[in-house]
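Next come two complexes, and both contain chain A; in the first it sits with chain B, in the second with chain C.
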Partner chain A sequence: MEILIQQLFNGLTIGSVYALVALGLTLVYGILHIPNFAHGALYMMGGYITLTMMTKFGLHYWIAIFVSIILVGLIGVLMERFVFHPLREAPPIHDKIAAIGILLFLEAFAQFYWGAEYQSMPTPYGQVVQIMGLTFTMQRILIVVAALVVMLLLYLFLKKTFMGATIIAMSQNREGANLVGVNTNKVAMLTFMISGGLAAIASSLSSPINLVFPGMGQLVILKAFVIIILGGMGSIPGAIVGGYILGFSESLGATYISNDYKDIIAFILLVIILTVKPTGLFSKGGQH
Partner chain B sequence: MKRMKSLLMMCFIFIIIFSLAACNSTEKKTAGTKPAGDGGDSKTGIVNIGYTGPLSGAAAFYGERTLNGIKMAADEINGAGGFEVGGKKYKLNIVSLDDKYLPNEAGANAKRLVQENKTPIIFTPHSGGVFALQVFNQQDNFLIGAYTSEPKVSEVGNDLTVRIPPRYDGYLKPFTDYEMKKFGKKIAFLPTSSQYGKDWADQLKKYWEKEGGKVVYNSSIDFAKETDFFTSVTNALKEKPDVLFIGGASEPTAKVAKQARELGFKGGFIVMDQAKFDEMKAVTGSYDLLNGSIGVMPLIDSTNSPAIPDFVKKYNDKYGENPGSEAGLNYIGMYIFVEAMKAAGSVDDAVKIQAHMQDGVSNIADNVRIYQFTKFSGGGFDGELEVAAIEDGKVVPIKVEK
Partner chain C sequence: MAKIFKQRNMISLLIVVAVLFPLITNNTYYVHVMTLSFIWMIGVYGLNLLAGYTGYLSLAHAGFFAIGAYSIGILTVKAGMNFWGAFILSLLITCVIGLVVGLIAFRTKEHFFAIYTLCLGYILYLIIDKWDSLTEGVRGLIGIPAPASIGPIKFETEISHYYLVLFFLLLVVLIMYRIIHSLTGRTYIAIRNSEDLAKTIGISTMKNKLTVFVLSTFFAGLSGALYASFVRFIGPDIGAISITFDLLTYLLVGGIGTLSGPLVGTTLIVWLSQQLQGFQEYRMLIFGPVLTLLVIFYPRGIVGAVSSWYTKLISKKDHQRILRPTKVRSGASIEAEKEVKEG
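Let's turn to the complex of A and B:
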């Protein structure tokens, strides 16, 4: 029983990180229909910027995360302006190639600038908490809580503010939104900003339990794609639910089936869900 | 107009990308060891030494450290005026190529090095690369400087393979003896999921069971795929092992150890030879967390040779970090190869150079002898195994009986 609860908690931790990354990915897909392969690189940049702010400039963890959100958000905006915006009339394959190009560029840049070695991010929340034989660390509890808070804020932003409504409008129908006077350029930039910010939050929260290195984006990006396909491309609740499903299936699969095959379990789950519901869990019919 | 503008923008971006990419590759290729006084001096010959290893991707830091050791030795030899073979002076030029840790890329790189640069020796720091090179090195007449402790590379009957580090199977007995005596007979396996990690685990399993121990959990962690190790570690610990076998690159290995302690593990660790205690300490903060671990002796803590402090200082001045055995062993390896070339009287005949490896081991100067190699036997350098344990937050040398 203890093992089960412990593993549920482990799954919740990892699922929170997955969900945050997948949210950024699904937002951009929903608005611009671009599978942003470079999203993993944004995640990696977030980790490095937070780390640099903490070690080089001595900033507090939270302030460093804030700086990182802004900077990675700006990288996202630049990506949109310089790469995806000029390509908006091009065939869709060009977006994909460009996204892979950005991914390679940012990874090479990180290796050039920060070096190839693993770096470890300190955290003020390293304490171990033992409750009834279960082990939590403050950092892990922080990941779970912070992810929930971020999701709630995002929800409120999208549903209750005018700017959020423009994003939803554009994801529902780009031309329609344009017709009623939504500035699609502004919305696209805003979406990339939020997407980058979410990636920065996810990596800044998860880095203290892992390490910071140029290839760290690849840890999550493939899984994030699985999640948004599973949840329905472009669907926000789909990304959240998908993230937790994958997190739990990994931790429980590793415990009760096999540690070596836990990735396969996640993919089998994907196959089953797509067989039953080929458009993903939450996609709305006729949306695209 | 708008099309023009976007076209211009694209051009601009591509120019930046290409120029950056170009900077990068030229820097890697020349590797900063071009001998002084280029070409014009007909009395000084140049020996190209090949290197293929991971210089980008997840293992890039590892590739760079191994390459640094080779480069440092080459720079020193060139700085001292080169070396003399058969009455002619030679200088070294390191030609390095990136193989992204992939055996197939290593093979392609080696072909290129032999054809374009006529390299008599090619270093490669992974067992997969060594196996790929062994397919054709005897036909193409080049030596493999194999930086891997995998015993199999020396057992396939490839005479032109020189294994630089000691074989890992030598560690099985001292590691097992120490941990069994101190902690108990139940062990859980959680090393890296590379081929190397799995081979290590197989060997250790055999030996551990032969000594009457029991493997209660046998799995591995893919450091390139897992964001969090808590799940795997929780599962390994639910079998209540006395000892945990961990390993892989130092930093993620240290994270596994740290998370095991967080989850309440009180036993000992057997640390695979790929991970180094001093690098693990950079992640855990102190050695206290690793109390009861056994692994290889970190180079900077070794007292086995008077040449070490000097080497550590030189390396630190040059690369701004403490050297590990990746740099140290490749450094001494390069020196041994040069001495072997001198003794063989040839800089291009791989068979002759190989036949004089023993002379190479015997002849290197004392101030570069950072490892006490005495013999060249069984396709590799033979010396005392340096094993260390962590006790009360300190690195303690462990004696190994032969």
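Let's turn to the complex of A and C:
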């Protein structure tokens, strides 16, 4: 029983990280209909920037995360401006290849600049807490809480502010939004900013319990794709729910099935879903 | 002057150069590198047929490359089969897996297809990496035999191996040429340009896409089997996603959706990488942005850029000859023919 609760909690932590990454991916997909393969590289850059800010510049964990959010968000905006914007009329295969190009560049850059070795990120929340006989590390609790706060803030931003409403409008109908005076260029940049920021938050939160290395984004991005297919491409609640579902199934699968094959669970899940329903589980009709 | 550069002459010249290459260089290392790039070219052609001509970006290509390589490796090393039997069987295995995967994968479209194949490629890689009892896992398969001799022809030296691979490459190019310049090829291009429209005019898109996919995996498997018998050692890394990205880079630089693109791109990049040996790990610092910039500015790569420049040149010439109507007519028909060929 204790193992089960422990594993459920672990699932909650991983799920929170996945949900944050998937949210960024799904937002971009909703606006531009691009599967951003470079999103995992943004996640990786977020981890490295936070780490560098903490070790080289001696900033506090939270300030380092803040710097990281801004910088990765800016990388996202640059990507939109210089790559996806010029390609908006091109056949869909071009966006994907361009995104792969960015991904390859950023990974090679990280390896070149920070080295290929695995690095661990220090955290001020290394303490262990005992709650009802169960042990939790502070960092894991922090991940769960912080992810919830970020999701709540994002929800309020999208639903209660004008800028958020423009994002929703554009994801519903690009031309329509343009017609009623929404500056679609600005909204696209804003979306990439938020998407990059979410990736930076996710990696900065999870790095202390995992490690920082150039390939750290690869698996995460693949799983994020599984999640947004699970939850419907472009759907925000779908990304959150999908993230937690995947987190739980992975941590339970690792304990009760096989630790070796735990990474494969997500992909088997995806293959099954797409076999049964080729457009994703909760996709709206008529949308590709 | 222009007649010397006619397509047929260029092709024969290229073949002659390729055949004479080992005799000219006398450097086994160069022959080795060239053989490897020929092997990659075969794989790139598979990707080209699927992504370039049919418009479906498959990111599981390295997985099929690895299936071809591992099939021949396991069949010869573990099952002790004779080489050519294992060779043919490994191609069959790749095609059958390709068929099964294609049946499911083509239920999805566009982005979903790319994501699906991306995840599938990762599954294939994980299976190869973790299934110790079959694939030897991270230790890799060692001691794969060189191709057995056919009658009096032996394949023990580097140079004989070079000719074997060249033979298969020419075969693949011939098959590609025949496909592209036939109605089947035009059907694939129709699917790429608009699948709905293709359906409307009575093309069975599923059947065609499936044929392309199996052919594409066949090329990948062939290239994998040749790789295994040439390098004689394979590890799970050959199924990694980075190999797919490498193939994609070769294709994009040469020209996606062009017949000679894979030849140009692969030769260029493999040689560049060989020159920058110490730079191997960071090569993507250059090739990554190159990939992105190419897609934005020259979506059809080097070959596409050169051929559109050439077409422009010809149409300019025709423009100057506008006073002589007979000439214009022939020029226009040549141009029209060229357009058709380019698809």
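Keep this in mind: the second predicted complex is superposed on the first by the 257 of 288 C-alpha atoms of A that agree within 3 Å, B and C clash if a C-alpha of one lies under 4 Å from a C-alpha of the other, contacts with A are read in each partner's own complex, and residues count from 1 in each chain.
The definition used in the following text is that contacts are C-beta pairs under 8 Å (C-beta built on N, C-alpha and C of every residue); 3 or more make two chains touch, one makes a residue touch a chain.
Please read all numbers here as calculations on a predicted model, not as lab measurements.
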{"item": "First (chain B), second (chain C), both or neither touched by A:66", "value": "neither"}
{"item": "First, second, both or neither for A:271, with chain B first and chain C second", "value": "second"}
{"item": "Contacts of A:263 with chain B and chain C, given as first, second, both or neither", "value": "both"}
{"item": "Touching partner for A:86 - first (chain B), second (chain C), both, neither", "value": "both"}
{"item": "Touching partner for A:233 - first (chain B), second (chain C), both, neither", "value": "second"}
{"item": "Which superposed partner A:112 touches (first chain B, second chain C, both, neither)", "value": "both"}
{"item": "Partner chain in contact with A:218 - chain B first, chain C second, else both or neither", "value": "both"}
{"item": "First (chain B), second (chain C), both or neither touched by A:100", "value": "second"}
{"item": "Chain B versus chain C as contact partner of A:43, first or second or both or neither", "value": "neither"}
{"item": "Chain A positions touched by chain B in one structure and by chain C in the second", "value": "83, 86, 101, 105, 108-109, 111-112, 116, 218, 260, 263"}
{"item": "Chain A to chain C touching residues, read off their complex", "value": "33, 35, 37, 83, 86-87, 90-94, 96-98, 100-109, 111-112, 116, 218, 222, 225-226, 229, 233, 260-261, 263-264, 266-268, 270-271, 274-275, 278-280, 288"}
{"item": "Contact set on chain A toward chain B in their complex", "value": "3, 6-7, 10-11, 13-14, 17-18, 82-83, 86, 101, 105, 108-109, 111-112, 115-118, 120, 128, 130, 135, 137, 140, 206, 209-211, 213-215, 218-220, 250-251, 254-255, 259-260, 262-263"}
{"item": "Residues of chain C that touch chain A when the two form their complex", "value": "51, 55, 57, 104, 107-112, 114-116, 118-120, 122-123, 126, 130, 241, 245, 248-249, 252, 281-285, 287-293, 295-296, 299"}
{"item": "Touch list for chain B against partner chain A, complex", "value": "6, 9-10, 13, 17, 20-21, 24, 56-58, 60-61, 63-64, 219-220, 224-232, 234-235, 238, 249-252, 255, 259, 262-264, 282-283"}
